[in-house]
Amino acid sequence: MNISLIAFWFLSALAVFSSLMVITRKNPVYSVLYLILTFFAISGHYILMNAQFLAIVNLIVYAGAIMVLFLFVLMLMNLNKETEQQKNKYLLWSSAIAGGMLMIVLIAALDTPYPQMLEKPGAGNFGMIQNLGKALFTEYVVPFELSSILFLSAMVGAVVISKKGD
Amino acid sequence: MNLIIFGGLLGVLMMFAGILLKDKRQVSMVALLLMVALAVLNAWEMNHGPVFHVNTADMLATSRFNLLLNEIMLGACVIYFLLSGRDIEKVGNYVAEYYALIFFIFTGVGIATSYTNLLMLFLGIEIISIPLYILTGADKRNLKSVEAALKYFLMGSFSTGIMLMGIALIYGAGGSFLLSKFNLQFTPISYNLVGGLLLILVSMAFKVSAVPFHFWTPDVYDGAPTVFTSFMATIVKVAAFVAFIKLFEGSYGIIQEKWQLVISIIIALTLLIGNITAVFQQSVKRMLAYSSIAQAGFMLFALFAFNFWAREGIVLYAAAYSLATIGMFAVLARMEDFSFEGFNGFAKKEPVVAFAATIFLLSLAGIPITAGFFSKYYMVASALAGGGKYLWLLVLAMLCASVSVYYYFRVIQAMYFKTGDAVAHAVTPAFKYLLVAVAALVIILGVMPQALLQYLYF
Amino acid sequence: MPINYYLFLAIIIFSIGVTGVLTRRNAIIVFMSIELMLNAANLLLVAFSKLVHQRMAVVEPTNLMAGIDGQLFVFFIMVVAAAEVSVGLAIIVMMYRNVHNVDINFLNRLKN
Amino acid sequence: MILVSFIFLPLIAALISFGIKQESVAKTVSLLASLAVLGIVAYELTLPAGSSALQYSRIWLGSINSNFSLLLDGPAKITTLLTAVSFVVIFLATWKNSYADVNQYYGLMLLTMSGLMGVFLASDALLFYFFWELALVPVYFLCSKWGGEKRIPVTFKFFIYTFVGSVLMLIGIIYLYNKTPDQSFAWKSFKAVVLINKEQLYFFWFFFVAFAIKMPIFPFHTWQPDTYETAPTSTTMVLSGIMVKMGLFAVIRWLLPVFPEMSSKMGNIVVVLSIIGIIYASLIAIRQDNIKRLIAYSSIAHIGLMNAALFLHNGYAYNGALLQFFNHGINIIGLWIVVDIIEQQTGIRKMSELGGLAHQAPRLAIMLVVVALANIALPLTNAFVGEFLMFTGLFQYNVWYAVVAGISIILAAVYTLGMIQKVLYGEKNERFAVKDLMPLQSLALLLIVAMIFIAGVFPKPMLELGQAGVKAISAVVMK
Amino acid sequence: MKLAPIIPLLPLAGFLINGLLRNKLSKALTGIIGSGVVLIAFVLSFLVFNSVKAGNTQIFNLFDFISIGNLKIPFEFQVDSLTAVFLLIITGVGFLIHVYSTAYMHEEDEPNFARYFSYLNLFVFSMLLLVMGGNYVVMFIGWEGVGLCSYLLIGYWFTNTEYNIAAKKAFIMNRIGDLGFLIAVFWMIQVFGTTSFSAVFTQLPGNISTTAITGITLCLLIGATGKSAQIPLYTWLPDAMAGPTPVSALIHAATMVTAGIYMIARSNLLYVLAPASMHVVAIVGLATALLAATIALKQNDIKKVLAYSTVSQLGYMFLGLGVGAFTGAVFHVMTHAFFKALLFLGAGSVIHAMHHQQDMRFYGGLKKMLPITHATMLIGCLAIAGIPPFSGFFSKDEILAHAFEANPVYYILGVIGALMTAFYMFRLYAMTFLGQNRGDAHHTPHESPKAMTVPLIVLAVLSAIGGLVGIPELFKPNAHKLSDFLAPVFEDANQYMAHHEAPAHSTEWMMIGVSTFLIVVVIFVAIKRFSNAANATKEAEGVGKFLENKWYVDELYDAMIAKPLMALGSFFNAVVEKSGIDRLVNGVGKAVQFSSRQLRLLQSGNVGGYLLMMVIAIILLIRLVFYLKM
């Protein structure tokens, strides 16, 4: 029962709990906050797996930028009160059950008898930024460039759609 | 490769054109020229290789097959611009941006048809999807358009999530994203891999709107501006198919039995739901949406057994289906009323247009002398080449084909045999000639498909 | 610890995301649930990339880059997610402008 | 090379006709085209067997090894001759009829002609299927645009019904293609196919159902009376005179040689079906008051007999059937012409409302009587020899089948004479004035009557035409 | 002899000329052409007859009609003595009736007049084809041809619906017989591989199974019963009287109805080898003879009486055939042709005079007004009644004699029939010519024109002396010209026939005496009874009613065959077709539409629902792939 195992269990519990909260809170603002919490938990996992850079990026990009964007939109529409009316009961329950089923089926399907073991964290530093950077700008340069087109189109789209006046 | 690079560049160019040119017509002209240029460049690559040699670290690899399909899509898009440019201008103020997005989509198409790495597949699909969300919602004031955009976006990103899960599992199994590294040889086949493939299958099935992942299709096609529906239903769908095929042609030979079963079920459902639901539609546009599902069912045969027939078949099908659908949507976009009654007595008013439309519908229904016949024919043949194991599926497919006759011919009946005053706007002579030319193309393909297929070789 | 732990964790979060998508009607929350799904995938990828790394370390210890692509993929997923979010929120805003509502069932003209 | 003109001459004429606006020109063009085709066919018939002009082949779809190959063997000779003759007669007889968009009407008729020719000539399975569908499309338009009331649903049913049949055949064709030794659609290769029993069973029925629907034989016939009733009469002539022969012809060329064992195993079922159909249709025909439906049902009965004859594996029956291909076509077209004239003038189809026409139009009456008697196979009319031979074969196949089917001879007399009596005889009918035959109509009918008697007294030439075909597949047909 | 093939062509030519030029030709010309061709034919037949008498029979092979593989059916004529006899009867009687018709049909306008004669010629053509045909197929061609002509001529006055129905009935009844004939032909093709008489008979007896021969002969018999109006297919003949009277004389008395006898006589060899069939023939004949005679007793329509008497006489001929008296049968055909034609023409003359009144109850006392008709008809009645030395006596006596040899019961019944014949014939005679006129007074019937009376006289002479060609052994040894003449045809048959020893001359004399005596008695009773109006016009009741209504056979057939078939037809048409098969076919379409309407509801338009279904689908897929072992 070493420290990393404890950390794992703690973070996992946190992640699951907070993500559950995300989908159960009435008030969207709470959901957002719980989602951020989830991201923190996941970043913690990243660190446990020597993905330090990703952990940081996750916090900056997701918890930082994206979630703030969400909050911003919510505030803009001042949806920060429980306005959402419920689905009808049957659909709600069947949906919940379906989600549970999916989980069970996937776990049952992907459970391997003799799983490989992950070593303790800290062994090797391949998750460091210089390694990632090197890979990103050598063999992954093409997708990197192409993602710019993705952003470009997203930008154009955002403008086209949300620009006021017709 | 050219398609990817120049698609992006020309897209950017279009945006500048939007700033420089105020007149929408001119923008359309420029777009048309650029699209022709793009087509030429792709054709150039077919014969002389790419213009710029980029080290893609074996993430992209072009083959004659996918280049030809790109060429078909580009050609279809040129025709699409010719026929529907006017309608694109009508959608909204950001004509240049719409065109630009279409060019960006072609970049995505280029990626999705030539990827050898799941990362590229993912990027390609996203580069195709994200602009489409926007085009769907382009008609901002129209609630239908908005609704369609929202639905499309939510479900699309949901399927993206599923795809990512699948990719992750595959990575876990093989330790690589390269298609070539699907090392399924060792037994027992890793569960992760099977699960991953399954999830990717699901998400791709979603993209090509195969039942039971098709639910977005009718609503989105119906809600989106008709021009963009036409684009989505043809070029994008074909691209998705090519991506789908590429994904499986290498990998799935190993676990064929299971896959064939899964895919045969999907095909059967697609054909049944698509065709049968289309029967009772009241709006031609929505009927075409369902028919596109049904057609997808036939195209899926290419995955069912990826052999010589399927290769030729999917090429032919892409061409036949795109031409006919684009033509039909172009006519539809001109109509006052999208319901079947809206076509009553159309042949009296616009005999030429009605004739062309008839050819398109016959082609969609797969009647001989039109391209549709041979495309369907090749698909069936591909499935039969492996022997009569799935005969029931073929019989079902054929029966569904005859069901499809029902709803396609309803339009013909309305146009020719019913009396009424169908109203069509802006039917210029140029438009008529173009339509007839496209119809002629459909017939030529229907009489000698070799004319197209020969480009697969040498 | 066994890789399966991470596998299951990812699956659980993924399923929670799915459940969220299915149960909620507020477009924004649905969207957030989708983000949950993506993150589940990310988590899994990172876990696998570590696994691959140490598997390769046995084969060729010199190659420090082994398994790096998993993490890079996560990087790209974040990129795409960001783009999606921008477009998605734009669409939601557009809807809100039109009907002052972000309920996914509110607009229901397209059916049958 | 000449064979190609069978198909393309009408096709070109059709395209021309679509372009023409004036009524008379369109009609002239079509008539000339059909005459030209008739001439060519006649020339071809004179050629000796094995002459190079009797077949034609060039590459069509290289990669899947399907050729545009045509073959004019015995059965094809008869059917093509029938097609050519019929269209001339039809165009003559309906010359005076006026249609909306006449140019389109004639264009479509010619398209049908070229499609039919293709079906009868094609010796490549894919090509055959191609034309098989192609012949259907123009008919669909003809019926739905120029037909009577309820034309749209009725024609639609007809179209989809036949379409369903043929798509199954398509599966069969592809499957057989995969089984051919040299992976080709050529007729020869198809004949060389070896199938295990189960496959044969399936695909025999796939093919047969397609043909049976087209013929049509009991119980696939329900589209036929409605279609004959609603379709414009000259289209009905094509349908009933020539198109039904597509199914029978296809049986000869694509079923018997390709599935020899199965067609002898299943032969009995088919024959029984046909015989049931014969009696069934005859009995229904007796109860018809609508003259068109009566003819439709009588046609079902005749077709049933021919179809039965093809499956008897008996030379006499086979020859008789071939002969009957031509004669049945001629007779029924003759009947339709008369019916058309009557309907054009009186606008009545119900026999109970007609009557006494013999007073007003004696020539018409005589023609109707002659054709009707030919239709019930009176000796020295053309149908007699055919039916005689078919019954001979049937008798040798199974005595009781022959006896049961023979009852149809009596029933045929009942409904045909009933028709003659109700339409022609009785008091002079004052409700409508009927003009006697116009020159062109008389010409057409005289041609038919002439053929009836010539073929009835000297059946030998026609029989010899068929003989070639018999020899060609005698190996399979005559056990 | 070489000219034989010309004979049928002549009437054909007449048919074509009269038929095509019916609007151009004048009545006179039409009559001349119509009768002329038959006259020429008669002359030629006479030449043929002579050359045949010289003892050469010949086969003319005109052209190949059908030849498939080893089945060769040429279009051939065979002319031998049997043919010759029939040639003479057909052309001779035919000619007389043509002449008669020119006067009888004189009210008709040109086109119809020409139509009538063209039909008549066509009939003669077909009949000649029938008797000259060298194989069963050619015979069948003629066989159906005469059926057609009788149809056309019965329905000659097509304005009248009853006539049309009668015509239809005649044709259909014949068709039923024809089916039997055809089946016999198919059978022959299967057994003998040919249908030519010569070829068939040379193969006999051979090793042909009795079943085959019996079957063939019985099927042929069915054909014969159809054509020659025997039980069970006789009911058409009385109705056929709807046609013009000369037609009744020619077709329904003299020639066509004897086709059955000709056919059986022609296939005598077959029948002889099938004794069972022979018995059937005899019984059918006898039964018909008696049945028809009883019915004839109570008929009041003059033509109906003659019609039933014809049926009954034909029955005698069948009896003759059945007991092996082929010559006798043919002999009776000949004599019957004479006196029955005479009687019909006479009746025609009467009807003509009475302005188409056919009911004998309105006749009477015409003796003075129509002297020639009366005289000739009296001869006819005596002839048919079988009073020596009139022709009927010889022929009937010959048949009865053979019947006696075969089976005395046949003989007794035969004689009873003969008595009834005498009775109803003289009932007719008395009601028509004796007593006082019961018709409307104010117009007096007068004798018919020459064109009608001359044939009557000729026929009267013939029926008076016609019997002399067949004087039985009894009176004058081997004076039977006819049997000598026909001998070659029947000689093969005779050697297979069961030979009964002829009865002693004394018994024969006794039989003849008794029968003749009884007949004379009956005649006087009849004359006595029906000369006075009261009996003549008395309504029949009881058995009489039953007989007057022809034993209700028509009603029986109607109820047993016609109605059920019609019902079946309507059942098929209404139930099986419309609500059975067709509904099934349409049902498929309806099912598709219905399911379409239901499946649309899946598309609820609700994203949550869509995604839910997708997720469920995913779950099922995973289940499928992972837990389905393959």
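Going in written order, the chains are labelled A, B, C, D and E, and every chain counts its residues from 1.
Definition applied: a contact is a pair of C-beta atoms (placed from the backbone, for glycine too) under 8 Å apart; a residue touches a chain by one contact, two chains touch by 3 or more.
Quick caveat, the model's predicted, so the values are computed rather than measured.
Shared contact partners of chain D and chain E are B. Farthest from chain C, judged by the mean position of CA atoms in each chain, is E. Taking the mean of each chain's C-alpha atoms, the chain whose centre lies closest to the overall C-alpha mean is D.
The greater number of contacting C-beta pairs, out of the two interfaces A-C and B-E, is seen for A-C. Of all the chains, the one whose CA centre sits at the greatest distance from that of chain B is E. For this pair, chain B with chain E, the centres built from the Cα atoms lie 78 Å apart.
Our note on geometry: chain A versus chain B, Cα centroid distance of 32 Å, whole angstroms.
Chain C and chain E have Cα centroids separated by 99 Å. Centre-to-centre separation between chain B and chain C, using Cα means, comes to 27 Å. Residues of chain A in contact with two or more other chains: 87, 95, 98-99, 102, 106, 109-112, 140, 143, 147, 150, 153-154, 157, 161. In chain C, the residues that touch at least two other chains are 3, 7, 14, 17-18, 21-23, 25, 30-31, 42, 47, 49, 51, 55, 67, 69, 72, 76, 80, 83-84, 87, 91-92, 94, 104-105, 108-111. Residue positions of chain D touching 2 or more other chains: 160. Taken as a contact graph, with one node per protein chain and an edge wherever two chains touch, the assembly fits none of the named shapes, being neither a line, a ring, a star nor a complete graph. Contact between chains, per the stated criterion, is found for A-B, A-C, A-E, B-C, B-D, B-E, C-E, D-E. Against chain E, the residues of chain B that register as touching in their complex are 150-151, 154-155, 158, 162, 191, 194-195, 198-199, 201-202, 206, 212-213, 215-216, 218-219, 257-258, 261-262, 265, 273, 276-281, 403, 406. For chain B in complex with chain C, the touching residues are 119, 122-123, 126, 130, 133-134, 137, 140-141, 143-144, 146-151, 153-154, 157-158, 160-162, 164-165, 167-169, 171-172, 175-177, 218-219, 222-223. In the complex of the two chains, the chain B residues touching chain A come out as 4, 8, 11-12, 15, 54, 56-57, 59-60, 92-94, 97-98, 100-101, 104, 107, 111, 119-120, 123, 126-127, 130-131, 133-134, 137-138, 140-141, 149, 169, 190-192, 195. Only residues 600-601, 603-608, 611-612, 615 of chain E touch chain C when the two sit together in their complex. Those residues of chain E whose C-beta lies close enough to touch chain A in the complex are 608-609, 612, 615-616, 618-619, 622-623, 626.
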